[in-house]
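A quick write-up on the structure given underneath.
Order as written gives the chain letters A, B, C and D; numbering starts at 1 within each chain.
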Amino acid sequence: MSFSGLSKVISNEKTGPQQFLIVLHSPELTKQAKPGQFVHVRVNGLSDPLLRRPISLHEIDYASGNVSLLYQVVGKGTELLSGVPAGAEVDVMGPLGNGFWIPEGVKRVLVVGGGIGNAPLLPLVKELKDRGVEQTVLLGGRTVDYVAGLEGFKSVGVTVETATDDGSLGRKGFVTQLAEDIFTLDKPDYFFACGPEPMLKQLIITADKYGISGQVSLEERMGCAVGACLACVCKIKVKTDEAGWDYKKVCVDGPVFEASEVVFDV
Amino acid sequence: MSNLEINLGGLKMKNPVTTASGTFGFGPEYAPYIDLNQLGAIVVKGTTLEPRKGNATPRIAETPSGILNCIGLQNPGVDYFIEKSLPYLKEYDTPVIVNISGNSVEDYAEITRRLSQADGVGALEVNISCPNVKQGGMVFGTSCTAAADVIRVVREYTTLPLIAKLSPNVTNIVEIAQAVVEAGADALALINTLLGMTIDIHKRKPVLGNIMGGLSGPAIRPVAVRMVWQVAQAVDKPILGMGGIMNADDAIEFILAGATAVAVGTANFVNPRATMDVLEGIKQYMEKYGVNDINDLVGAAWK
Amino acid sequence: MSNLEINLGGLKMKNPVTTASGTFGFGPEYAPYIDLNQLGAIVVKGTTLEPRKGNATPRIAETPSGILNCIGLQNPGVDYFIEKSLPYLKEYDTPVIVNISGNSVEDYAEITRRLSQADGVGALEVNISCPNVKQGGMVFGTSCTAAADVIRVVREYTTLPLIAKLSPNVTNIVEIAQAVVEAGADALALINTLLGMTIDIHKRKPVLGNIMGGLSGPAIRPVAVRMVWQVAQAVDKPILGMGGIMNADDAIEFILAGATAVAVGTANFVNPRATMDVLEGIKQYMEKYGVNDINDLVGAAWK
Amino acid sequence: MSFSGLSKVISNEKTGPQQFLIVLHSPELTKQAKPGQFVHVRVNGLSDPLLRRPISLHEIDYASGNVSLLYQVVGKGTELLSGVPAGAEVDVMGPLGNGFWIPEGVKRVLVVGGGIGNAPLLPLVKELKDRGVEQTVLLGGRTVDYVAGLEGFKSVGVTVETATDDGSLGRKGFVTQLAEDIFTLDKPDYFFACGPEPMLKQLIITADKYGISGQVSLEERMGCAVGACLACVCKIKVKTDEAGWDYKKVCVDGPVFEASEVVFDV
């Protein structure tokens, strides 16, 4: 039985320009949640905005029953969410989606995030750590302010490297260039990534060159988030299909997909 | 205990609450949130003869109190449906209404034939109103003759209760309703989505992959209620009312306008328990006002 | 400084922002909130030959992101308008578009004759789409022949720019648009309101005094944008776009869809400075994207 | 130039079951406001609900630039308004409407309010007091809890009598019965009233019997509140009209009308 209902807001604080961290008390979520999953959030009880908003789980505190969501204010829904005070309740549905899976035998991995795409990677990084998988975490962003959740990653005690478009933090340039350096110098077994589509696409091409497979977490506009409406589809390679691909649902077949299977439209 | 049972053109339903096609998948999607046995019926996603991939993305856009969708009837085809989806649905004590679409009258004939032979289909909802497919779809639903042609053929191939689903994108909904009833429809479903679109002003191009899409959600409710009101008074067949039902009050509005049953669509996305909340609220309303039989409320705003 | 001047079927406007008929009175009502000189034009409340009392109350009901109204063309008649309202409006440096309605083709002829002789009328907007009157109104706007008949007669009696205001309650808006252009319309205004209704579930009767009403506001915007998009590509006349414009982004959406000018309606009720905010926002958008001439944006989403 | 814009919320507190008093700092309003006028309030910045809500001025503090509104939560709009915290801003338009006028030569008046209809009478009562007009104030309500604003009226230092349907405060019965008593015993020159339509209708009939004229404040559903949309009309006797009445706008021709001119349907 999936959860859908009100969760108490423990805190909801600004963590960067247009970036917020909301902590919800929701044992129903933590009971089932795993890294890479998301929740579908209703930002108010009105019909404007009508739809829920999908947001990844950024922290899952199994002990306290709290989850946190790290989000960027980009439009009306996230704007309204940022105004919800501590003590209020927010209607959330979840946990949703498949989440990341850690393939058997993987020993050294690269975790690559871009911008707010860093958000779902934190619980993964923690789980990798717990399982003793060696990892390097690469986080990118437009500027130092947009390398979302940096402190959280650092506090896990893993190697974190950064890149920003303007060089205001770490390497100046794209995080995919950092990744390529690592593929050359210190080849990992596998990678996990989340971020803007151009970043993911570039990363997959590069990784492929080095023969490294991995997983990526995708975004699409959603209606139901439970697989019923077919709004959130993306193209995934399917051998049995004549076109070589079929539409899969980001909400239930994803959001995490095998990197090699994703078909990017231009 | 008051009576909630209704008869939708020959389909007996234990209560008037069902799901709008395309918003509830094939059943299992919402099973983690509600008990499917509690529904009056389940209307499944639009099914076609052959499997379809549907339209390019983005397929959904939010608008004020509404959404535009251009799914484009993505579905695995009727044979897959019969083999894989029906067996799951048959486990429930809830009739299944299969929503069907075709590119041609022949398509409708063949899909009807196959579904009528399958076990576990309670009724057919004939979609002659989909705004999101190039051929057929809405074209059938916006002309009286074309609409009647489709219904007449489907009628030939089935003895199942036959529900004609009408397009609201017409000048005169009553005319179309009368035409399909004459052609053999046992009941009418209205409304499908209003044809709409939205443009990204920064990219200067339409938001949706298919340019236009179907508008659903509370924004369209006044139009839907009006059409149910008009058709119910002109046609002597039961109506499955839908269009922006978010809660029990909205559902009761449709019933008072003349709908015998109601379908919850877009609301499922907002509240996965919407169907159950609607059912519960209808019961409370009946209790509050001492209504013993839901059928007494049908059309009560004009009767 | 970029160019905002447009030409709406012969009417020169200093900018594309005007008011939707019936939402802005006869001008003085909003003068305490904005400078009427800043508007591209003022479209006044629908005027008829004889004074009209309009419909019974309630005349307005709120719906999700929209309102239903059934004002029913309450107005003091065209002679009163010419004598009392026009002199006030002439004081402003803003053209006046008079929205006219009639029960019969003869009514339209006579009101056109009188207004064409009056001083200070910039253009006529011929309402063949009012859903709130028994005779005439929308009936004219939902049939190509009837719509064309009205426009042809009005054309005979005036050399003023003639804007035909179309009803969205039709199967094929393009056909109607083509018919009225052929009959002599210089420009098209779309859309008028969608026919809708709402029921009070506790009283079990319609909320509005006139049962049905016209749906306006952001709820209908996707339908309006779609119709402007369709008509703009099919017809070679300028379009005055409206339907749910709340702010500059919405207005730009209509312009990109193919509207040469835009009208702000329901938004005035929510924000009495809405027209000015729209104008300001359009200027900012043009500046941001380096657009030198507003006319370059017209239909840019498909051109 | 009428005001339309944001006003700071000084406080917004519950004053009864489903009843709230909101205090706004709005010198632009107090500069122009008079008793019986109202403001048109936008309860949020979204399109649900779309329309503004008309609410009367309950207190006008010309010195501090504050106004207060006393309102009953009856639906979505007033519900949302009741959730606006002190310190936030609310979009108000006003002052609107004609307001009460005090006819020349009036010396002893009766002021009659019912339920939340008491709200606009307080500034009138204060002005009558200031002008030295003798007055008796009759306030009614379903129960003691619904005699809105009672304490405020008492603090003005005028005679206040009350009636409630259930006798939980003052006389058991309708406030119109109290009024009739006064008409018999102690006939005033004039009356002012605001309240539910049946109350106003009854009061007008009674006052007429005793040959007393007065003013009533009406309510209608509104769109624009500036006279542009013709949504808010009510029937007013007009001699020049063949039917004997014409529609007048509650928003600009009212909300206060000459009692003898109002035509009540049924």
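The definition used in the following text is that a residue touches a chain if its C-beta (ideal position, glycine included) is under 8 Å from a C-beta of that chain, and two chains touch if they have at least 3 such contacts.
None of these values were measured; they are calculated from a predicted model.
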- Item | Steps needed, at minimum, to go from chain B to chain D via contacts | 1
- Any chance you could check whether A-C or C-D wins on number of contacting C-beta pairs? C-D
- Using mean C-alpha positions as chain centres, tell me how far chain A is from chain C in Å, no decimals. 47
- Note on the structure: Distance in whole angstrom between the CA centres of chain A and chain D is 55
- Task: Take the average of all CA coordinates in chain B, do the same for chain C, and state the distance between these two points in whole angstrom.
- Result: 34
- Counting in whole Å, what is the centre-to-centre distance of chain C and chain D, each centre being its mean C-alpha position? 35
- Message: Multi-chain contacts only, two chains or more: what residues does chain C have there?
- Response: 64-66, 217-219
- Note on the structure: Among chain D residues, those touching two or more other chains are 47-49
- Chain contact graph: line, ring, star, complete or other? complete
- chain A-touching residues of chain D, taken from the complex the two chains share: 44, 46-49
- Query: In their shared complex, at which residues does chain C touch chain B?
  - Reply: 63-66, 68, 142-143, 169-172, 194-199, 201, 204-206, 212-213, 215, 217-223, 225-226, 229, 244, 249, 252-253, 256-257, 285, 300-301
- Task: Show which residues of chain B lie in contact with chain D when the two form their complex.
- Result: 64-65
- Message: For the complex, give me every residue of chain A touching chain C.
- Response: 47-48
- chain B residues within the chain A interface of the complex: 22-25, 29-30, 32-33, 45, 53-54, 56-62, 64-67, 69, 71, 74, 217-219, 246, 266, 268-273
